[in-house]
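Next come two complexes built around chain A: one with chain B, the other with chain C.
And now, the complex of A and B:
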């Protein structure tokens, strides 16, 4: 029983980090069709910003989170204005251009902050663990779970119940028509890109205390996050949630039976087969396009 | 795929940038001879390098660039000519590299291999007998054939799997990327048979018919340059054949080709498999020149770098992609250690600029220059050459349907 519960929680924990990283990507890819390979680098930027704010300015962790969101969102905004907006009609080329951006960001961080690993401290209030049904669960993992759920709700609210969200949905469905009705579609896109990047930055800040912070940490995240988004179905928040749960759970389960590396390989193989049969993902929204 | 409607009015309709069929008399014919001559000249040029350079270290370095050039050329065959963006070129490259490395590992002198002719890492991993799939790699011929055919078989299967389901565009990129990660993880995981993270090190030299290919010798350089030349010319022959024409048509408009009754998937599998075979050869050469094979050959960064090289040189030209790879690596290799850090920044920026402003790479610069000088075929002059190229690219990319 303990083992099952423990595994369940491990799966939930892996899934929540996946979801955290994939959420921003889902927004960007789902609404703009841009394959942002620099997403992992935004995660990395978030982690480094947290490290910088914490070690250089001594800010408390929670205050860092808010600041990091805006810092990375700004970086995303600059990238969108500078490069991505020229490529909306060439989706395959966005893969290449954003990879180039990723190289630059990675190298810029390596040059300015050094190539060695950095460590971000877990806030003291969250350092312990909580007993839940007989198993000890690190409170920080619970905190991540809660924040992820909060961000998910926030994103859902933003997309479904605000004026900005309405404009975003309109532009997503038909950019030309939305523009005809007076929606500034390029502004909507750059704000969306900034929001998605900000979410990536937050993800980076949150994983920083449990993973080592290094300039090339983003590369792993971005591939994982892509698989989550594609499996979940483009443009479907619920699908992203479900698929991060499925992928996280199966990775944890297989890792328990085999080992981490093999588990990841098998999950990816399953994803490939799935894309072959359902390229639009498991949960497709029924918007006509 | 993308939820942005790709509006037909955003770019001129596809046929406006295509040359009018009536306006091509004998000039393209002459241009096509020029193309063959240029390829032949390039092959002669790289084969002549050892006549001028007598430095073993430099020759080794240049052989490495040529091997990477071949990998980029292979990529341009599937990407530029057929519209299949393969982000997992490292799968074929790595399979080729490991195939030849397994053979050369078995040939290493007993000092390194430990007991009973077992490779050293197997001894460390408590493997008692040589696994059955290592046995045939005692034969040189088998290893070389495996290095070429294994990638071809894997690519054919993957191609059959993808293209029969009419997977296109972004999804091909994602599937190939996922396959790359899977292969990389499997090779790292099966440490007992593949050497895990370290890969296969301390390799012997290749020996064919009494000739030893010391990676620091003109002999080895000739082998690499010869392989590259043969592959380039074969690739050129393929692109100039009818199959090449149909592949370009598929790239521009899949549905039209399908309506004409062509088996689109078969042609795509062909291009994908030939490209994989060439990448396998490139991987073999690369493993021999570095004298090791490692899982980083199948890492995401190397495969995406190959895409960068091909894009910088010109994705739509085998020779362009080759030269792009050689150029980028040459620049990278000739910079001092201290400048190498900044170089990555420049490389990233260069890449973004090429994607934004020169979608057909440096090769299109040469075309444009040629057109400016008035040696252009008639169509180019009527259609403002500078604008025509990126637009053609744009229409081709918006044609990807999910």
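And now, the complex of A and C:
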């Protein structure tokens, strides 16, 4: 019983990390149609920013989180203004351009911060584990779970219940028509891209204490994030949540029953089969494009 | 005359043949051109400075260059300077082979020092065997190789495990969980571990391999919880080591009840995870930075003077350093005209030098080294504390787990 509960929690935790990493991508891809291959590098930038703030300025972890969000959001905003906005009608070129940006960011970090692995401290209060229903649960993972839920709510609120969100939805549905009604669509896109990047940065900051911080850490994350978005269905927040849960749970379960290598392969196989029969993912949005 | 493709090919072929007759030394290997030309001996330095394994390889590169500088400052080898030719193979095995070819053919290096991963060593092996050149490989590795054109200065499984496993069984218990990264090295090491455990009446309660770069150990940790091993025997490498240690601690495990015993966790990984996550776990290797010896004191001091006070030395950078001194001693025995890769190899067989880890010796049969295995426990300050040191140097047996097979002067026997 303990093991089943422990395993359930592990699945939940893996799912929450997946969701955390995929959320920013889902927003950018879902509303702007931009396939941002530099997403993993924004996650990496977030992790490095945390390391910098912590080691050079001695800031507490929670303060780092807030700052990192804005730092990486700014980086995202610069990328959107500088490159991506010229490519909205050339989706294939966006893929290439963002991939290139990713490589540049990776090498820039390697040159400036060094190639060695960096170390981000877990906040003291969250370092241990707590007993819940008879199983030891790492407090930090619980913390990630809570933050992810909070960010999800925030994003949902932002998109559904604010003026900005309304404009974003309008632009997503039909950019030309929205512009005709006086919505500054390029500003909406810049801010959306910045928000998505900021979320990625936050994800990087949050996973840094339990994983390693290295210039190429983003590569694995971007693959996972795309898998989540593709399975969930583009443009569906609910789909992103559901698919993170499903992928996290099945990865954890299979890894426990078999091993991590096989689990990864089987999950990929399942995704391939799913895409074959439901090419638009589990939750298809009804937006006309 | 119009040039058709056929006539062009023909005339080039004739020109080529004429060239071959006219300038024989271009075509006939080793004739006329001495390996040690003028007052310098060229050697290749082939460690990745970019790419995924650059972090560790940079430290090997640094240790190599430092040793070369030290030797040159002390007068070189019989008055000749060692000139390093540096190439960056970018963590890519195919590039390793290309660069090795360049170092051997274009630069006419008499030896090349390089490689960290087994994949890159396997990639350059054909180059050195075909060109009869000599490769010096400093990494501890899985054994089961018997090349006559490679000098192996790192440990093989029998050297790391023969004392370690009995010690773990005696002090912590007989139930082992084997966890490694998914490639050849962990599998071969685990083979050796299983044989040793069987002899000692131990038990393997789990054996598992995670993908390279894996960073999510939740399920693995649950398996530890379920199977309750006495020892976790880890051959996980790279970034994964850090994730494993951090998540292990966060899950509430403690090393006094269920220590991780590793062959791959060094001072480098501990610096990247923070000492408190490593404290209490064990590693077995021939060298630790904290080892007390005059040679090591000098090595660490010079290294930190050169590369900064935070720079760490570890069980791969130490062989990268001392193998240059082996090279010097071997070349010293040769006359200037006799310096060839093959002669250096033959002169190196049986050589002994004082390395930072202790006195090491090259086994003349299998070209691996006699080393001094140590068992050490990681401390919160990021260093290891050596708990046990082997009473004598341990002979390298690259085919230890394969009875009937052995690496001899004439190559592999009994395969």
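Please note the rule applied: the second predicted complex is superposed on the first by the 287 of 289 C-alpha atoms of A that agree within 3 Å, B and C clash if a C-alpha of one lies under 4 Å from a C-alpha of the other, contacts with A are read in each partner's own complex, and residues count from 1 in each chain.
Keep this in mind: contacts are C-beta pairs under 8 Å (C-beta built on N, C-alpha and C of every residue); 3 or more make two chains touch, one makes a residue touch a chain.
These numbers come from a predicted model, not from an experiment.
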Would you sort A:227 into first (chain B), second (chain C), both or neither based on which partner it touches? first
After the superposition on A, what does A:116 contact: first (chain B), second (chain C), both or neither? second
Which partner, chain B or chain C, is in contact with more residues of chain A? B
What is the contact status of A:129 with respect to chain B (first) and chain C (second): first, second, both, or neither? second
Contacts of A:275 with chain B and chain C, given as first, second, both or neither: first
Is A:264 contacted by the first partner chain B, the second partner chain C, both or neither? both
Which partner does A:140 reach: the first (chain B), the second (chain C), both, or neither? second
Determine, under the contact definition given at the top, whether A:7 touches first (chain B), second (chain C), both, or neither. second
Tell me the contact category for A:212 with respect to chain B and chain C: first, second, both or neither. second
Intersection of the chain A residues that touch chain B with those that touch chain C: 110, 259, 261, 264
Chain C contact footprint on chain A (complex, rising order): 2-3, 6-7, 10, 13-14, 17, 110, 115-119, 121-122, 127-129, 136, 138-141, 209-214, 216-217, 220, 251-253, 255-256, 259-261, 263-264
Sort out for me which residues of chain C touch chain A in the complex. 50, 52, 54-55, 58, 182, 208-211, 213-216, 218-223, 225-226, 239, 242-243, 246-247, 249-252, 268-269, 271-274
Can you list the residues on chain B that touch chain A in the complex? 1-7, 10-11, 85, 87, 161-162, 165, 167, 169-171, 173-175, 177-179, 181-182, 185-186, 188-189, 300-301, 304, 307-308, 311, 341-342, 344-345, 347-349, 351-352, 355-356, 359, 393-394, 397-398, 400, 402
In their shared complex, at which residues does chain A touch chain B? 30-33, 35, 37, 83, 86-93, 95-97, 99-104, 106-108, 110-111, 172-176, 219, 223, 226-227, 230, 234-235, 259, 261-262, 264-265, 268-269, 271-272, 275-277, 279-280, 287, 289
